[in-house]
Each structure stands twice: as structure tokens, then as C-alpha cells.
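Take a look at the structures listed below.
Two complexes come next, and they have one chain in common, chain A, joined by chain B in the first and chain C in the second.
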Partner chain A sequence: MTTFALRRLGQNRPILLAYGGALALFAVTSAFSPGFASANHIRILLIQASFVALVALGQSFVILGGGIDLSVPWTLNGSAILMTLFADGQNRPLVWVIPLLVALGGLIGLVNGLGITALGVSPIIMTLGMNVILSGGLLVYTNGSPTAAAPAFVETLATGRVGPVPYNTLIWLALASLATVVLTWTAFGRHLYALGTNRMVAQFSGIAVSRVTVVTYVISGMTAAFAGILLTGYVGQAYLGMGDPYLFASVAAVAIGGASILGGSGHYLGTIAGALILTVLAGLLPILNLNTASLQVIYGVVILATVALATLPGRLAVTR
Partner chain B sequence: MTDSPILALRGVSKSFGQVHALSQVDFHADAGEVMALVGDNGAGKSTLIKSIAGIHPIDEGEILFEGRPVSIGGPKDAGRLGIEVVYQDLALCDNLDVVQNMYLGRELRDRLWRLDEATMEQRTRETLRGLSVTTIRTPRQLVAGLSGGQRQSVAVARAVMWNSRVVILDEPTAALGVAQTRQVLDLVRRLAEQGLAVVLISHNLHDIFEVADRITVLRLGRSVGEYAVAETTQQEIVQAITAGIPAAARSNGEAPV
Partner chain C sequence: MSMQAGTESVSELDLPPVAAPGSAGRGPRLTGGRLVARAAPLAVPWLMLAALIAAYSSLQEGVLSREQLNLWTAATLTLLLVAAGQTIVILLGGIDLSVGGIVSLSTALAATQLGTGGSRLIGWAALIALLGFAAGAVNGFLVARLRLQPFIVTLATWSIWSGVALWVLPTEGGTVPESYLSWVNREALGIGAPVAVLLALVAFWIWFKRTPLGTGIRAIGSSENSAYLSGVPTSLTVTAAYALSGLFAALAGLFLVTQTASGSPTVGNDFILNSVAAVVIGGTSLFGGRGGLGGTIAGAFVLTVIGDLIFALDISSFWTPITTGVLLILAVLANSLTELYARRRARR
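Coming up: the complex of A and B.
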């Protein structure tokens, strides 16, 4: 009964609040800056939001299951750099380069997941360690100066459009639909929510707890790798450190979108709103004539405040 | 009374490193009867049910199901045989509703691999009605909002929904009020009347003497003995639990308070 699941989603207050917040923020910003609500600028905002949202897609699955993936920055970065190196500015190699890199991202997630489930390493330590290993490895591999530019096809994918809609947004929409279907209408999604709430209950119910956990990290590795490819197309090249902003942003998007940072509640539809809020916010602050330093301070404070507010009902429920 | 028990354990042992949690334990559960499993903390009750449930597969001995030796290596094996366990605090997921909990880990799917919510909701209603659980107004409410008695009812209903033959209840009345304990005990009795073998773990001898047919006493990982409720006293059971005095040592029927 699909209507049931939709009705319940429609009653999800944190998610509705997040969309309300995104709209309000957008309206306020547009009032200050006339060009902000133009079709062209909305397209740019959507493209910018898609990178956070794609990384946050995998992050949503991981956090829902009660984990966290801190290895997304350098998974993204590694995929971006390897893509430019392997393709060397040519479109043709992308046929195998893109699938290979997405698979490689999945492999990173697989190692994360196995370390956490089979070896019992805590998710924070495991994925943080992975992040450091990847960043070090990439520095050695590239000698610190990757140079190749993004192939034209990837640039088209990231910035081109069909009619009024960017390709990028269509790709995001497709993946978002897939994530929504999986979370809402499949047993895997149901098991994920159970897992994030109470691992033991899930295990005693006969759910393959370890397998579900590993799959979430694999998804996260794949979406981070794919986001790296698209981001390279948007920026025009790959550089060391390009993934760094996406660690906090992806976690914040999930939390602002109404998910519990401890797992078990939330939805990717909320994460989308979270990604939109972060993107509009980044566009609002320069309009207020704030320099880069104070911009970063405000950006950080607002994220922390929103995350604190968003998780407040969850914490109240826990202490009850 | 049946010829051979549905579930029988013979000489079952289980160790965790140097700790012998169970040694040479015999146990059985018959259709239509409530078998109580009692013992002090650390007597091996939890280990025994977890062995039966496949969470801690046994080291030695054998498990017979309907007279045939079976090997239970995981929860799925136990479920396939029709053995269901209702764990004390680990039966239900708070953030899911009643229907979602009833089918957790065994969701029904349609041809497109989507969850079949309508059928699951329908069968949940039928199961609850079949067990005369009337206190749950809608199966779509979250389990977090249920009372202790309602939670136990859902947990028990979930266990019996799968054509189960043996239902193991771990402390089902712990932390329940008088009226709610009543509800759950009635439900336990009803399960036995429907022909299931019920294993009841409890610290409350009063409850046990009210609903159980037989009592198996465990002490320090060994079975002290088996008692028919109609032929024993609470005093005798307490002695068996604390001192390991078997039934044969009974001196006279007049038990002091």
C-alpha cells in the first residue's frame, strides 16, 4: 500500500520544517538580492546543492543505520583526481573510467564496512583512518600536483542542460528517487531503520545486521566517488583538498534534514532540504557583505545551531 | 500429554572461554503445555534460550525437534523449525509501528519487491484479534507509544504469527503492573490452549504457579530437576533454585512459610 508510506512521510514534521526553512531562507535572500531568484541563478544553486546532496545521499544511509562516514572527502577527491588522470582530458576513456571509479568508491566503502562489522572498529575511527590513508596515498601518487583538466563530457554533465533543466539536476533527481524508493518501500530500508534504532533488536529479529551495515558504507563510497566526478566537471579540474568541505556539509545536510544523528530516523527527502538550506545560506552571506573569514564563522555557527535544534526532539525523546 | 515432546534438549553444554554456562542440561517442551524455566541469576536460563534460538549455538549434546535431531546454527534455523523467542527488552523496535514490528526481518513483498503494507496490516489485525488482544486500537501506532502490557502482547503476537510450534517468553511480566501482568498471563495460557509449547522464564513464582504446567529448575548451569506444578510447592522450588535440592529430597508435604 504505497499511499500509507507516503502519508507517513507527509506527516514527518522535521522534514516539512526543513523544506519550510529552505523556502523561507530562499525568500529572504531573494528579497535582499534581485538576481537571486532568476531562473539562471536557481539553476546554479541546484547544481551547487547537488554535490552536497549526492555525498549526503550515501551519508544518509550510513547515518540512518547508526554509523557515520568520515572518509567521504578523500573518496570524492581521489575519484576526482583519478578521473582526470585516467581520462587525460579525453571523453572516450570515460566509458570505463566512470564505472571503475564508482566501483572503487564502493570498494572503499566495503573496506570501511568490513572493518566496522568484522573487526569491530568504531565507525568514526575506521572511516577517519580511511580518510587519512586516502589523502596520504593521493599525495604520494600525484606528487602533490595533479594537472589534467576535466574531459568535456563531464563538464557537460555537470553544467549542461536539457531545456530549462540541468543534466546534473536530472541525475540527482534519478538518484534521489532511487534512494526514496529503497528507504520507503523495500525491506532493506525497513531493516536500516530498525538497525539504527536498536542493533540488538534488529539482530534478534533475524536481520542480517552486518550485511545491511556494509551495504550502507558501500553506497556512501559510491555516491562520494560519483559526486567527485561531477564536481570535477563543474570546477573544470581536480585539485587536492576539493573534497574537504563535503565532510561537515554532508553530515549537516542529513541532520538539518531532520534525521537523528544517532540513526534510526530521517529520510533522504529531508537531506535534500538540508542540502538546499546549506547552499542558499552560502549564497546569502556574501550578499550581506561579509568577508571570507567572518563568513566561515557564521557558516559554522549556523550549521551547529541548526544541527543542535534539529536533533533536540531526538535528545528529548532519549532522556524521557 | 503427548508421546514425544516438540522440543527436547539432551546433555547440552555451552562454554564461553573458561566459563561453563551450561553443562549437561536436559530440557523439554510439550505441545499444549507451559513449561517454566527458573533459576537464580547466572543459572544459565538466558544462555539456554539463546542456544535454542540459535544465537549461541551449543557446544555439546543434541537438540531434538519432534524427536528428530536438528542443528540450530542461527536465528533463521530456529525460525524455520517454528521456534520463536520473545526477548525481555529486545523484542520490539521503538521507532517502528506495530505492523512493521510484527514483520521485522520477515517483511512480505509484492512482485516488484516492494513492501506489501496492506497485507501485513491486514494479517496483523487478524493475529491480534485471534489472540483476543483488544487493547491495541490501531496497528499503525508506533510501539514507543504503547504501554508495557501492550508491548508484550505485540511481541507475543509477533512470535506466534509464523505458525510457530514453540514460543519462548523471557520475563514477559517483568516491570508490568497488576492488570497488565494479568493480560499477559492470560495470553500465555491462551497460547498453550491453542496447542503451542510455551516456555516461560520468570523470577516470579506466583506467576509461574498460576500459568505453568511444569517447572524446570536450573542452578549453576546444570538442571536440578523437573517438577509438575500440581505436585510441588513454591517452597520446594525455592530450595531447588537456591540450594539445588532435587525433588527426591522432599521430607514431607507440610512446607513451612
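Coming up: the complex of A and C.
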């Protein structure tokens, strides 16, 4: 089993390529920008990358299973806003607020997953609908006005550090290890790959395809909610619309990481490299005198290019 | 204990879609099941619209008037134009998320480039429409020739065009020349310009659905393989369908600026879900092949009237997106159930 798992990782040349790309991009940027490679700046980059990477963790699971989660922006935004409202700037309530919000994110994922599996609504429609419902719900709940500042503990969690390593990075590392173990060495991971490769074959092999699908959306809801809490700590407050960039960014990170957007192949380790590349790119923009609008263009181009490159060799043969 | 299914991607063979069971050998004879399946999609949205208008007129005076028709049409036309394009793509069995970016870009360009009027205005308006068409054609090319998934292609181009819109117009604003705004207020025989555009759209559809392109889109939506085998130029048809969707999205943006008198780099995002909702509430099947603009018109008006109803009932307008989202998911459910029913009946 171990050899199988290692073989799967070794076969994923795109993942190695993604890490190579991340390193090369980092080296080039550092050459043009003094201080880019300083320990302090690397810490900032790691923290910034972690938000995309956390949202993309759940997105990786969903995409591996052949789905997509378009509801991450407002799941993230919702948990960010509710956290500031519930905690009201105090540390003490966080004991129940953080678990509650992560569970709430999981509940959103559960509803998505059940809508997709039990009711047969397509993932795009279900999660797009969920996103809009959540955005409306939050506007109703907050009456469209901004909320309190982030509690000090969340800020520490997002920006503080132990020795040279930010807490944020440690949390990310722990969750990344967990995701890697689940994908590589558990039955659930194998079932997920089987499901993403061919749903029908997976079903006939006795895999509980519906249950596996639902779990991926639950994970995605939970990671988006958790990322929302950490991001609020980093920014200092929650605001409406803060989750919007994370839809494209999470899908782009998964795509760059070498996962097939049709499911069945890829790994979270690749997604991490994808998130790093996107973060370094974002850092590169001001150096090139480009604004954040360019980032959206880059996300789009990167998604298209990686998907096209991954599918092109096989597709060109089919000419119609 | 190894599961090889994970490593060898079976789906990469990309087998062509197999015709739906029961679709082969179906004659022109209208059986009960087919009649229901054919009439229900159109009847449901229009009855729903009628019920909503009835509910609204019990709260508000003078609903069944020409003024109200003009008002509602002006409020619905932007969505309807986007949804018209979305109808074409969904009939094909695809989906177009990039309309969000294209509408935004179109309003951003309109609010910055139309200038003060004259030939510059006409030139740029035409250019914006052309740009929408070209952007759609790129989607179509990627879907048809490279055989990429429509949702990922249009997700990516949605991001790209949103970025370009933000680059053209970083924040809401800009100006639209008075001479351009005024055409919306023109009336003839009590019919406002938006109603005239709506009538033109209906006329276009009656013509379009019988053209080779129109029938080809429907054929591909029913079964791409059968369409290909019966001589439909599939690549060209798919590219043209997405190009039309891009064109309609750009036209929607050009109309939207007459309502807001300014541009917005993010306004298009609201129209992605709403356009899909209008199409699906209108009874067009997300599986492709079934439906049309007739239902979409009702679907788009349903969304407008619901918004007004929420306002009339003194409920926070923030409830509108929630209602739309729930309605969309319910409509998709109802849609798949009728689809299932029709297939069962046809199989018997």
C-alpha cells in the first residue's frame, strides 16, 4: 500500500513541475526585488499563501471527486463576519465561536453535497445558488453594515509566530499533513480518486460514491470557514466581499498544482505549490507596476493554460 | 491491496455521449408523455408569472397598465438579454459563467469610451458589441476545438474579463453621454424603447430557432454524437452559440448603462446566477436540447416581479438574492423531475 501511495506521488510529474515553477518564480522575483527573499518577507508570503491554500484544500478534495465548489467566497465571508459579531472583539467567546463556525461551514457543505447527490442538482448550480443565498442571508443578518474588529487572539493566530515560524504556517502545515495522509494512505482517499476517475466504475466497485462526494463538500465548507476566521485575523476586520477573490484563486491553485479539473488525478501537495505560485505572482505585480486587476486576469489565464496543457495532447487527435 | 482505478484515468478516453435511452426511433407522433413534457416547461413559468402579477396587483394600484409594462420591461431587459444568450448555451448543454465578466467590461467600456456622442459613440457601441461576440467566440473555440469543460473555460474567462473591466474602470463611475441615455426614453404608440427591444428579441428568436444554427444547437443539446452523425457542423455551431452569448451579454451591458448612467467593473457578477435562474425557471433543461426563449422571458420577468413584490411587502431587499437562489434550485429539481417523467413515459 505504501509503495502504491508513493508511486502515485512519483507519477505526478505536474506536482514536481509546480514546485519547480514556484521556486523559479521566487528566485526571479527576488533577483529583481531586494528584500523579497528576506526572512520577514518570506513569512509574510507564507501567511498570505496559507489563506488561498486553506480554501484550496477543500476545493482540491471537491475537484478530485469530479465536482466544484463555487460557494467558497461567501462561506468564507460568512464565517469571518459571524466570528467578529459573535466574539465582539473578545477572546473568551472564541472557545465556542471557532468550532461553531467551522461546523457551520461543514453544514453548508453538507447541504451542497446532499443537494448534489440526493437531489441530483449539478454542482455548479447547487454551489452557485448556495453562494448567492449565503450572500443574501448575510446582508439580511448584518443589514449591510460592517462589523466589529477581530479579537486579539485571532490576530495572534494569523500573524504571530513561535521562533521563526508563524503560528499560521504551523496550522497550515498540520492541516496539509492531515490532507496528505487522508489522500494518500486512507480508504477514503482511494475511494475519492476512484470516484473522480469514473463515477460509475467506482459505484459498481462498491464505493459509497454519494457519501464520499458529500464529505468532500463538507471538507470544503469547513476549510473555507476556517480560512475566513484566520483571514479576518490577518486583515484585522471582516468586510462584505472579502471572500470574492478566493473562488478563482482556489480553483487556480488546484489547477496549477496539476490536478485534473475533471477529477481523479492530482494531490493537495500540488495545490500547495499552486498557492505559493499565486502568492509570489501577487507579490511580483507591484514590482512590474501592475495593479490587482491584473491578478484576476492572471488567475483566468493560468486556469485556462493549465487545463488546456493537461488535456491538449489527448484532445488534438480528436478533430471535428 | 491496490486500486488501480485511481491512477489510470479511464475518462481520458472521452467517449462520445451516448444517445439517451428511448430517444432512438421516436417518431413525430405526440404521445401523452411527450405532450406533457413539451407543454409543461412553457406553461409553468408563465402561470407562475401570472400568479405573481396577480399577487402584486392585490397590493399595488394600476399594475395592469402600459406604464407598468414599460417599467417592468426596462427593469428586466438587461437580465433578459444576458439570459437570451444563456438560453442558447444551455440549450446546447453548456453553461456560460463568463457573462459576468463580459457585462462588467461592457459597462466599464461604455462609461469611459462613449465620449460625447456622434460617430465616436456609434463606433464604440459597435466595438463593444463586437468585443462581446469575440469573447464568446473564444469560449466557444476552447469548448468546441480543445474540448475543454464549459464551466472551467467560462470560469477562467469570467476572471479574465472581470480583471480587464477593473483595469478599464477601477471603481464604479464614469459617464454616459446624454444623447446615448435619451434613446431609452423614446416612446412610440405608448410603447417604450425597452419594449421595442423585447419585441425585436422575440422576432429574432422566432427566426433564429428555425435557422440551421438554431436547430443545430438543439440537436447538439439532445445528443452531440447524433447531431454530428447527421451532418451538423458541431464545432462551428458550438463556437457560434457561445459567440452569441457573448454578444448578448455585451448588449446587456450597453443597455444597463442607460439605466444606471454609469459603469461598474463588478456589476456583471449579479447576472451569472440570475441569467441561469431565468433560463431554468423558464423551463429550459440544463441537460440541453429542451426549452427556448419563450420560457426564459417569463423566467426573467418572474425574478423582476419577485423583487418588486418583496419591496411592496416591505421586506428587506436583501431577501431578493435568497429567493432567487432557492427558486433556482427548486426549478432545477422540478426540471429534472419532468425530464425523468418524460423519459419514463417515452420508454414505455
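Methods note: the second predicted complex is superposed on the first by the 284 of 320 C-alpha atoms of A that agree within 3 Å, B and C clash if a C-alpha of one lies under 4 Å from a C-alpha of the other, contacts with A are read in each partner's own complex, and residues count from 1 in each chain.
Keep in mind that, in the parts below, a contact is a pair of C-beta atoms (placed from the backbone, for glycine too) under 8 Å apart; a residue touches a chain by one contact, two chains touch by 3 or more.
Because the structure is a prediction, the values reported are computed rather than measured.
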Greater chain A contact set [chain C / chain B]: C
First (chain B), second (chain C), both or neither touched by A:144: second
First, second, both or neither for A:304, with chain B first and chain C second: second
Which superposed partner A:265 touches (first chain B, second chain C, both, neither): both
Which superposed partner A:194 touches (first chain B, second chain C, both, neither): both
Chain B versus chain C as contact partner of A:287, first or second or both or neither: neither
Which superposed partner A:204 touches (first chain B, second chain C, both, neither): first
Partner chain(s) touched by A:185 [first = chain B, second = chain C, both, neither]: first
Intersection of chain A interface sets (partners chain B, chain C): 1, 4, 190, 193-194, 197-198, 201-202, 205, 264-265
Partner chain B, residues of chain A touching it in the complex: 1-2, 4-5, 185-187, 190-191, 193-194, 197-198, 200-207, 264-265, 317
Residues of chain B defined as touching chain A within the complex: 53, 55, 75-76, 79, 85, 87, 90-96, 100, 104-107, 109, 113-118, 121, 140, 144
Residue numbers on chain C that touch chain A, as the complex places them: 1-3, 5-12, 14, 95, 97, 142, 144, 146-149, 151-153, 155-167, 170, 228, 234-235, 265, 272-273, 276, 280, 286, 316, 318-326, 328-329, 332-333, 336
Residues of chain A that touch chain C when the two form their complex: 1, 4, 7-8, 11, 68, 115, 119-122, 124-126, 128-133, 135-137, 139-140, 143-144, 190, 193-194, 197-198, 201-202, 205, 248, 251, 255, 260-265, 291-301, 303-304, 307-308, 311-312, 314-315, 318, 320
